[in-house]
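Each of the next two complexes has subunit A plus one more chain, namely subunit B in the first and subunit C in the second.
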Partner chain A sequence: MYMSYLNPKRWVHMMGRKKFGEFLVLAAFMLFFYGPLLHMFMLAFANKYEMPGVLPQEFGFQWWRYVLAQPTLVSSIVLSFTIALITTALSLLICIPAAYVLARYEFPGRKLVMFSFLLGNAFPKIGIYASMGIIFYRIGLMGTLPGVLIVHLLGGMMLMIWMPTNAFKSVPRQQEEAARDIGAGPIRTFFYVTLPMAWPGIAVASMFTFIGSLGENQGTLLVGLPNYRTMPVEMYGVILDYPATAGAVFALILLIPNVLLLFLMRKYVGPETLSKGFKMG
Partner chain B sequence: MSGNAKLEIRDLTMLYKTGDGVRNINLAVEQGELVTLLGPSGCGKTTILRTIGGFLQAASGQILISGKDITHMLPEKRPTAMVFQSYNLWPHMTVYENMAFGLKLRKVPKSEQKRRIAEMLEMIKMSGYEKKYPGQMSGGQQQRIAIGRSLLLQPDVLLLDEPFSALDAKIRSQMREELRKIQTDLNITVVFVTHDQEEAMALSDRIVVMNKGSFEQVGPPQEIYNRPASRYVADFIGEMNFIPMPDGSIKAVRPENVSVSPGTGGNLDGYVRTIMMLGHYIEMTVDTDCGIVKLFVSAEEAEQYKRGNPVALTLGESHRYNDDQSAAG
Partner chain C sequence: MIKKTWKTNVLIACMLLPALILALGIILVPMINVFIQSFQDGSGNFSLEQYYFLFTDKLALQNLWYTVWITVVTVAGAITISYLLALYLRFSDSKISKVISTVYLLPRFVPHLVAIYAMMTVVRDSGFLNRLSQVFGYNFKPGLLYNAKGIIMMNLWFNIAFATMIIVAALAGIPDSIIESSRDVGAGRIYTFFKMVLPLSIKDVLVAMTFIFMSNISSFTTPYIIGPNHPKMFGVYLRDQFSKMRYERAAAVSVLIFAFSSISAIVYLYTNLKEKEWEKTGL
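Coming up: the complex of A and B.
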């Protein structure tokens, strides 16, 4: 009885032919998009998985135990999170004041400054890292934490300037003026009125910076080795040296913070915040 | 004016980079007086208000409050409070937090904050809204809170920049009345900006009629209405018929000062052009040799006229202006 509701014929009538077509396209897309992810999920919880089988022969946490028992892997996880935290904090410290100035003051070259952050993202990253590497060699930043942090900071720079700039712009000046009028100085006005109102945009940018830093690999590989091996850098080794199941476990660990952050920020992350955040003005 | 004005503006000039702005403004507002700046869009009303509030810097001239020069004070130090047309309230704070912010900055004890906010909410008829966020209230309610928040700080001068213009007509007139009542009860000094002459008439002790960055006439509503100092004021305030005279001057007569009778032999003769019912009275326009003249008649009177009838007009109280816009008598 209930099973008959799974009959696609009913769906066509329920949704109409056009809607059903859209549904099929969406379903195909989802399969394409989430299929590999699902497969990875399955792999990560497989104790035994041999080729011809569609499903693993045995489920369990065997590979989780294995991965978490590797000291280099665990330390790379800790390192990645530490670097991501420092990167996010530093870029907030640097970019928020800059974004405020860009949002509130008209000065010659303002557009150019905004545009230059875009240019930085328009070139192939590896070229930029290579030239940075040359400079870093000269000034002794190769293989150092500051060197790695600079690479990570630059990676998130455009986002951290553009989104907060637009977030600050969307705070009506009158609301700041109302605070001044009532007796708050410029600093209090910023912290009690402007910053809280711009917060959604800033939070989303921070989240992406954090996620971006966690996932950064090219630059870290170039500048950080051999001293700083973050998770994504270790990933290369894991894929080469361990069975696919271990790789899946590791990839899932990399994925957890992203999913968690996206879930926590789901209120703020929408097409609207994003499209507003990248307006050039 | 007298030296004991609450707010005094002396020869104030404030110009934007574009050259727009206001020039040589002089105004004295007494304690407890409500003065309205009235003029068409772009004439400089907001500019004056923002200069008083400290958001724009005067190029020259002085602003004094209670005799003290505040021309170069920062906005947060001035004893003024400003309410804008919209975007006054902070959307991330509740009504209570919005109102308490200024009191907190002034280090008013918590218990007194609470008491004063409760009193103010009562006065502006918004008790019970403490926990609401601005986004949960109507435009009128938000403006009430904004005004209450300003009043709570007991400013020497309250500056209102078209605070009701985003509201619909009915709420607007209701808010107007309430504002007038609170203002007289508390005896506060207010500079009110509007481009709505009806609002200015209903609300003000005195009206300043502005034209392109300067003052055209300053006076009580009655005086502005009955004795407009220039053709510009006559045209801007109320309805006015302008009738060209043979000597080149222009005679200005309000529609209510024109009377009509059937036939010919009046000051001006013509034919009925339109008869329009406007509630409890009727507006009639008459085609004359000197252009179209507007007048009001009662419903009974109107019954004897039809479109195209010849009529004689008698012109009552009138003003004469030369064409160069100055008063001629």
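Coming up: the complex of A and C.
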């Protein structure tokens, strides 16, 4: 009797053909995208996970204690967050003024400047890193913090220019002019009128710069070693050398900040804001 | 446009320069260096031998076609699935479509290494799928690691969210009234799609295609971890050459990837400029 619930025909009958189809889409979607992540989540809290058990034989925090007792892994976590924070701050400082100018002024070569960021994306990152590596050797930036920061800045640059440029463009110029007319200075106008309205685009771009820096591995692997081992650099070793349960813990630590940021910024993170980062303004 | 005096010109320059110098220093200069280096032999003389090698060596050619093939399949697969998903999210009001539209963006926020690792623990020989099959008395091995299927699967995992996001934004910009009026005059669903919805969203589809093409033709992390030892995708091949200190050949591989990516960048630029002209005449 209960077995008949396993018969798909019964479900089609109960839900109707269209609903059943939608349900299948949802199930396939969830299994493909969320299944592996949930499985990893489960592994991270497994003390014992031996063949052929589908579920762990014993749950607990054993592997969290193990990972947090590895000094190299813990220091990589601290280092990753420090680098991501500095990268985001620097990127804001450098890119936001440029984005404002690109949004507000027309000048010869403006299109070319915008396009050059896309071209930078078209060139394989590893090729750029490799070439940077050679220059870094010459000027002594190999294995230094500024070297790593430069690599991380490069990763998010296009988005950090394009998205805020589009955000500034969507602020009506009349609003700024009105503020100026009643006597606000340009800086006051920028901070009280322009910035609040362009904020979602800037916030989302900063978030991606932060996340991008946290996850950056190719360039850091080439330029940062042996002094700067960030989380993703350590992750390569973890994938190869550690048991799956320990790997799951470390991967989860890498994932948590991103999910947290996505949750905090959910108000701003929509397809409309995000897709502006991929359109040349 | 705001009126420009010499003062504002100086201000513009000051605001733009840091970003420009950074972009020149960390993007353009390395790019030019790589370009020059790719036309040199081992001792710094001008030579076409690196390119000659890449287009004649059997292994290099296999890598080239392997890379292009995986990238094209990834782009086609991701765009097709994403377009269907975006259509569904745009034109369905059901609860399920609302659930999907709140959760589909997550893969965009998952670090590559984490997602690859999570997928590996599911599909590898001692992974979840195998263990599950053993419960039912089988010994199922998905065989999705260390071959092209695995790379394509992972590429789809990363890019479907991105492409769906771009296309959803485009479809959201199509007013309901356009579609209703087309349906009112008796146009069928398929006719409405090809005459209204597709032309109005094709530009954004090209945007998505450009970025998926670019990021996958040079992808490194995925093929490095779950790709086969041979043939290799160009991103991995490039790093191999670099670590074997064949810098000139590594440079030529970079330029070759860049040449492919540039084609899609130019298509992007072309459609982007065309849009602006259309806007001008529209006014």
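Throughout what follows, the second predicted complex is superposed on the first by the 262 of 281 C-alpha atoms of A that agree within 3 Å, B and C clash if a C-alpha of one lies under 4 Å from a C-alpha of the other, contacts with A are read in each partner's own complex, and residues count from 1 in each chain.
Keep this in mind: a contact is a pair of C-beta atoms (placed from the backbone, for glycine too) under 8 Å apart; a residue touches a chain by one contact, two chains touch by 3 or more.
All values derive from a computational prediction rather than experimental measurement.
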In the superposition on subunit A, see if there is space for subunit B and subunit C together, and answer fit or clash. fit
Touch test for A:Tyr192: subunit B only (first), subunit C only (second), both, or neither? first
Residues of subunit A touched, compared between subunit B and subunit C (which is higher): C
Could you tell me if A:Ala203 is touching subunit B, subunit C, both of them or neither one (first, second, both, neither)? neither
Which of the two partners, first being subunit B and second being subunit C, lies in contact with A:Ala179: first, second, both, or neither? first
For apex subunit A with the CA centres of subunit B and subunit C, the angle to the nearest 10 degrees sits at 90
Could you tell me if A:Leu149 is touching subunit B, subunit C, both of them or neither one (first, second, both, neither)? neither
Closest pair of CA atoms, one in subunit B and one in subunit C, after superposing: how far apart in Å? 7
Touching both subunit B and subunit C, residues of subunit A: none
In the complex formed with subunit A, which residues of subunit B make contact? 53-55, 74-76, 80-82, 84, 86-92, 101-102, 105-106, 146, 149-150, 153
Help me check something: in the complex, which residues belonging to subunit A touch subunit B? 172, 174-175, 177-185, 188, 192-193, 196-197
Touching residues of subunit A toward subunit C in the complex: what are they? 19, 22-23, 25-26, 29-30, 32-37, 39-40, 43, 51-54, 93-95, 97-98, 100-102, 104-107, 113, 115-128, 130-132, 134-135, 150, 153-154, 157, 161, 173, 211, 214-215, 217-218, 232, 235-236, 239, 244, 247-248, 251-252, 254-255, 258-259, 261-262, 269, 271-272, 274-275, 278-280
Under the stated contact criterion, what part of subunit C meets subunit A in this complex? 1-2, 4, 8, 12, 14-16, 18-20, 22-23, 26-31, 33-34, 37, 85, 88, 92, 94, 96-97, 99-100, 103-115, 117-122, 126, 128, 131-132, 134-135, 157, 161, 165-166, 168-170, 172, 204, 207-208, 211, 214, 217-218, 220-221, 225, 234-235, 238-239, 242, 247, 250-251, 253-255, 257-258, 261-262, 264-265, 268-269, 272
